[in-house]
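You will see two complexes here that share subunit A, one where it goes with subunit B and one where it goes with subunit C.
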Partner chain A sequence: MLHKCVALKSDALTEFGVCSKDLSVSILMSLTCVSFQACHSETHIGQYYTLPSAHIRTLFPSGLPWRYQQQVKTFNEACIMVRQPSLEVISYLKKTDYSKPALRYLFYGQKGTGKTISLCHAVHFCYTQGWLVLHIPDAHQWVKNCKELLPSSYNASRFDQPLQATTWLRNFRLTNERFLSKIKTKHRYMWTKREFTEEGSLLGELVDQGISRVKSSSDVVGAVMKELRLQSGQPGSDFHLAVAVDGVNGLWGRSTIKKEDKSVDPEELTLIYNLRKLMRNDWTGGAIIATLSQTGSLYTPKSAYLPQELLGERGFDSMDPFIPVSVPNYSEKEFESCCLYYMDRHWLQHPQSRTEEGKKELVFLSNKNPSMLDRICGFL
Partner chain B sequence: MASRTSKTFLSLGRINIPLLGFNKPSGKATYATALSINSSSGNKGLPDRGGRGPFVRRPRREAGEPRTGKMPVDQDWTAVYPSAAPFRPGSVPLPLRMGYPVKGGIPPEKKGNLELIKIPNFLHLTPAAIKKHCEALKPFCTEWPSALETDTKCDEHFPIKLESKEYVSAGPSLRNPSARIVHLTVKLSSLNLDDHARKKMIKLLGERYCKNTDVLTIKTDSCPLRQQNYDYAMYLLTVLYHESWKTEAWEAEKTVADMEDYSWEDSPSQKNILDVLLRMKVAGEGDGEEVRQQLLGRKDVQDYKDSVTRLKNEGESESSMLQYKEAVKKVFNM
Partner chain C sequence: MKAALKLYSEGVFLVRWSRYNPYYLEPEVSKEAYSRPATELSAEEKEQRELKTLRPIKAATSGVSSSVFDDPVISKFINMMMEHGNKVLAREIMTQTLENIKKKQVEKYHKASEGEREAIECNPYTIFHQALENCKPVVGLASIQKGGKYYQVPIPLTDNRRRFLAMKWMITECRDNKHRRTHMYEKLSQELLAAFGKEGNVMKKKYELHKMAEANRAYAHYRWW
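Up next is the complex of A and B:
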């Protein structure tokens, strides 16, 4: 195993050269492994694997957590720790039956335990397997801080959000470049009296239409979702659809967008309405992975982290049946691995942080919570 | 009345103060130390005593050791405090401190501590004193019935419990208006109620019902006499019982939101799972009623139903989430 890892990445040798002599052999394997089939099994829990930087640019233009993006910039590499929750979901994804309705996997856990990173890990797996990834980085962004709200051209009772829709379409185009010229639309879409998209035109054209004509971008998003939903799993199509939503509890919560001093219900927003339709498991040939997040959510108590608390009655009934995957704080082994990684990257500069006493202090201060540990180590 | 008396006190106070102020210089002279006696012989300031001699204060006895120092450990405490009495620092052999501490200091000691004297104390009600009271009262008591040995037997024979308080105090009037309050407690399980009656009763009771102990508490204080409040409480209980057995026409409009417990039948969860299972099965079996019944009868669907009911009724926890996860995995054969 060790040899395979060395062979796969050439600068792994330089990593081993950099490692200090007091690291034991088993911990040396905590560094870099690129191939997935080799590196995604139970024995690899606690070890880090590197995401290629090209993938980061295309797959996660805005999907990674802010602090993690800063870390990637500082360390000049993106390493994710292999942990139990994401391994579990990846094993289920490997076994998906494409003729059955899409299964829903939900990451839940307390604040800062690594739900978004687990989601990104699973999404990266889908990407490397050649699936089409429909990633919504944060559903909460669509229900708050909306600068422009237009009445929808398609349905008079709903509202459009052109800015958010165009941003999302741009990211979608960046991520799924190769599918845009392969998938063809099955319906005809009329945007205005003179503009329309014919049946059988490429998905890429549809997306470009949305980006150039900002006013109808929300409807384009709806059309894209509908097309992908209808075509995935059908005998003629050759792609699998992975829908990844972060902060899925925002879809069924409340919103702070106000239209003429009246609060807008999320259901009246086109983007949310279409996304909710996508989350139903009435389509086949893929999977839906989501996380719950209290951090961005509106009008929820800070201590809420269990699915029913955050999703509410309606959300739970819509998502039911789903497979909840709990994301806990680091275990002993994972904590050790994280500390070793920081030491290897020379992030922990304080001399006492390398001692046993220092490690015990870190355990006490952070309670083995990944984000707390990250913040504390930033000062050392 | 009260306001008038307070004004007189205030006025008295105001009258007093100038007097005190007037007295102060002479007062200070009077409370000077004992050395003033021999300060000056032939002092022209002192009044003429007619040849009897200089003014000598009655010699003051030194205060002896307080009683606390002489108390043996096995003394009879009931003799020290036989009845309610204010706190006497010399009689209580405890190192008590009470009061707000000075900055950087500790609470003041018990000697001369007004705070300890102001508060009520129960030094006259130690267990030994209570025992003596019980012994004194025993000749006047009758035997406890032998058939009512345990609490459960008492509940069985006397399910309705009534509580009221008696107040004894010395004052202008012996009556106390708080003595009219009556508390009636009864366990709902001891009443003969069927399912619908029980749910309706709980809805009617609202705040008066405690779910954990299954106890209904009715507190009545609207009438001036205890007898009347007791009658009213019994009347309320009777009316509640009979009303909850009746079914009104408008009760048929009860919606899902009114239900106390979550029932899985006809819930969105059941619809979802049946929908998914039907789609998962190869189309060819048809969509008939018996297919639905067959699906509902499967073991994993029953497990799923139990886990969802548990989640909704009992609230969430890690264990109920795990149970739900296992049930879903089994339904989807993972």
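Up next is the complex of A and C:
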């Protein structure tokens, strides 16, 4: 039985979510739910929330994990399970006083427990509330495998990464179309002797400048971050800023980029330097949501997952104080819900996987870890 | 009997080439066989159980497991794909193949209209088994010498031989005749889906073998067994 619900807030995007799919299995509800206001309370833990496909294309051009993107393509829909960590962060975001400095939320947990998906869930919430989303899909990509490294034009001791900066600006433009023509810059920026951006020009022009002039794109990124940081929370501006960084421990770790056989410190990279400034809580009117990640990180042991271990001393001191949110493996109820969802989408095909014995085996093999369960159910 | 049952406890025991005394019985791995109460069993099965309590039992190979998802055909296919003993890689390829097949079929299922949905088979295991069935040849050829010349004589094949030929053709086809840069799981899934629909190079090979056997029908009486 399908019914569409309209969001209750009129000034937010009129987003109609999708269906509550009624599964006639008696054990547990695996209802997919819709509009945020109705569907994100404690009772909805374990149920699936469908993200509208238009939102996926604009919000997450590259923010979702690879396996999840494949799943979205196969099932022809994007469903996220409502879980305790993201519910917690969303409830805090609803209640915060935005005249105070930005709060920092940090998702941490073992490998494969769903930190990135929780981050995407919280980011989607911010997007539906009409916030400006500054999403860095993976901070580790900025400290490794750099093909082009130019000396920065602004500061001689730093290095620019034009490729990463231009891709990020393109994604930023795609996500925040509607803000580009509303926000005006407060400073004047000189790119070269002849090119400059006047005070009071639109943010869209600044972003286009960065995309077309590849050499100065990293500086444009820094300028965009500075502008947004200064303007959010001011009485004149009407937007909230959500900064979402995946793999935030990469900002304070080491990098594998080499310049003439000398290893480059992340501090010497313009992008990282500007992002670190953004992570400080000296601005108001928004929130910073981040995820730790050991999988992409460099020179960290595989067993490390706690904030203290992954952020290191410098990182922890910069991020302190923050709100740590632990993302555990699935509970019994969530595991059942996941299995029911896969069966509903015709993903669990093996006849034995629907029996009790099969379920017990899945619990044993995956240890209720979301990514392991996904991999195992892939070939069953 | 007792003299033949030597104790193997001294020294290093080479398990790979060991030949068990025929006195040893085969192991029963599945849990269901043991969960049936004594009342349900027929007389022979009760006798078997009695025998199992008395006689020694061979060690189970590492390829079988008591998992409900264990499939002997799939295990055999993995063993045939394995090179240099790299079972981990062969298993990985097999699981990726099954996942790939399922992904393609489920995508097709979700995009199809209501009427077409029943015709689409999503279970990768049924697709695999059906594709292998479709590839199994009915008759084979044997080289038999008669009067100084060798003739290709059509002969009946045992089940094991048919299954072996189907799997062998599938694997060699995917290894040799496909584009170099595609992954093995991609090649295998394409070929298996084609064989499921009774098309593809492996089916062609089977039909050619059948044609040869039909052409050489006249020599069938050269077979003496």
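Keep in mind that, in the parts below, the second predicted complex is superposed on the first by the 351 of 380 C-alpha atoms of A that agree within 3 Å, B and C clash if a C-alpha of one lies under 4 Å from a C-alpha of the other, contacts with A are read in each partner's own complex, and residues count from 1 in each chain.
Following the convention adopted for this analysis, a contact is a pair of C-beta atoms (placed from the backbone, for glycine too) under 8 Å apart; a residue touches a chain by one contact, two chains touch by 3 or more.
Because the structure is a prediction, the values reported are computed rather than measured.
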item	value
Partner chain in contact with A:Glu42 - subunit B first, subunit C second, else both or neither	neither
Partner chain in contact with A:Glu177 - subunit B first, subunit C second, else both or neither	neither
Which superposed partner A:Gln308 touches (first subunit B, second subunit C, both, neither)	first
First (subunit B), second (subunit C), both or neither touched by A:Gln70	second
Touching partner for A:Pro101 - first (subunit B), second (subunit C), both, neither	first
First, second, both or neither for A:Asp320, with subunit B first and subunit C second	first
Partner chain in contact with A:Trp347 - subunit B first, subunit C second, else both or neither	second
First (subunit B), second (subunit C), both or neither touched by A:Glu198	neither
Common interface positions of subunit A, toward subunit B and toward subunit C	none
Subunit A partner contacts - residues on subunit B that touch it in the complex	267-269, 272-273, 276, 279-280, 304, 308, 311-312, 315-318, 321-322, 324-325, 328-329, 331-332, 334
Touching residues on subunit A, where the partner in the complex is subunit C	70, 73-76, 345-347, 349-353, 355, 357-358, 361, 378-380
Subunit A partner contacts - residues on subunit C that touch it in the complex	31, 67-69, 94-96, 98-99, 102-103, 106-107, 109-111, 122-125
Complex interface listing, subunit A residues touching subunit B	92, 95, 100-101, 103, 108, 281-282, 306-309, 317, 320-326
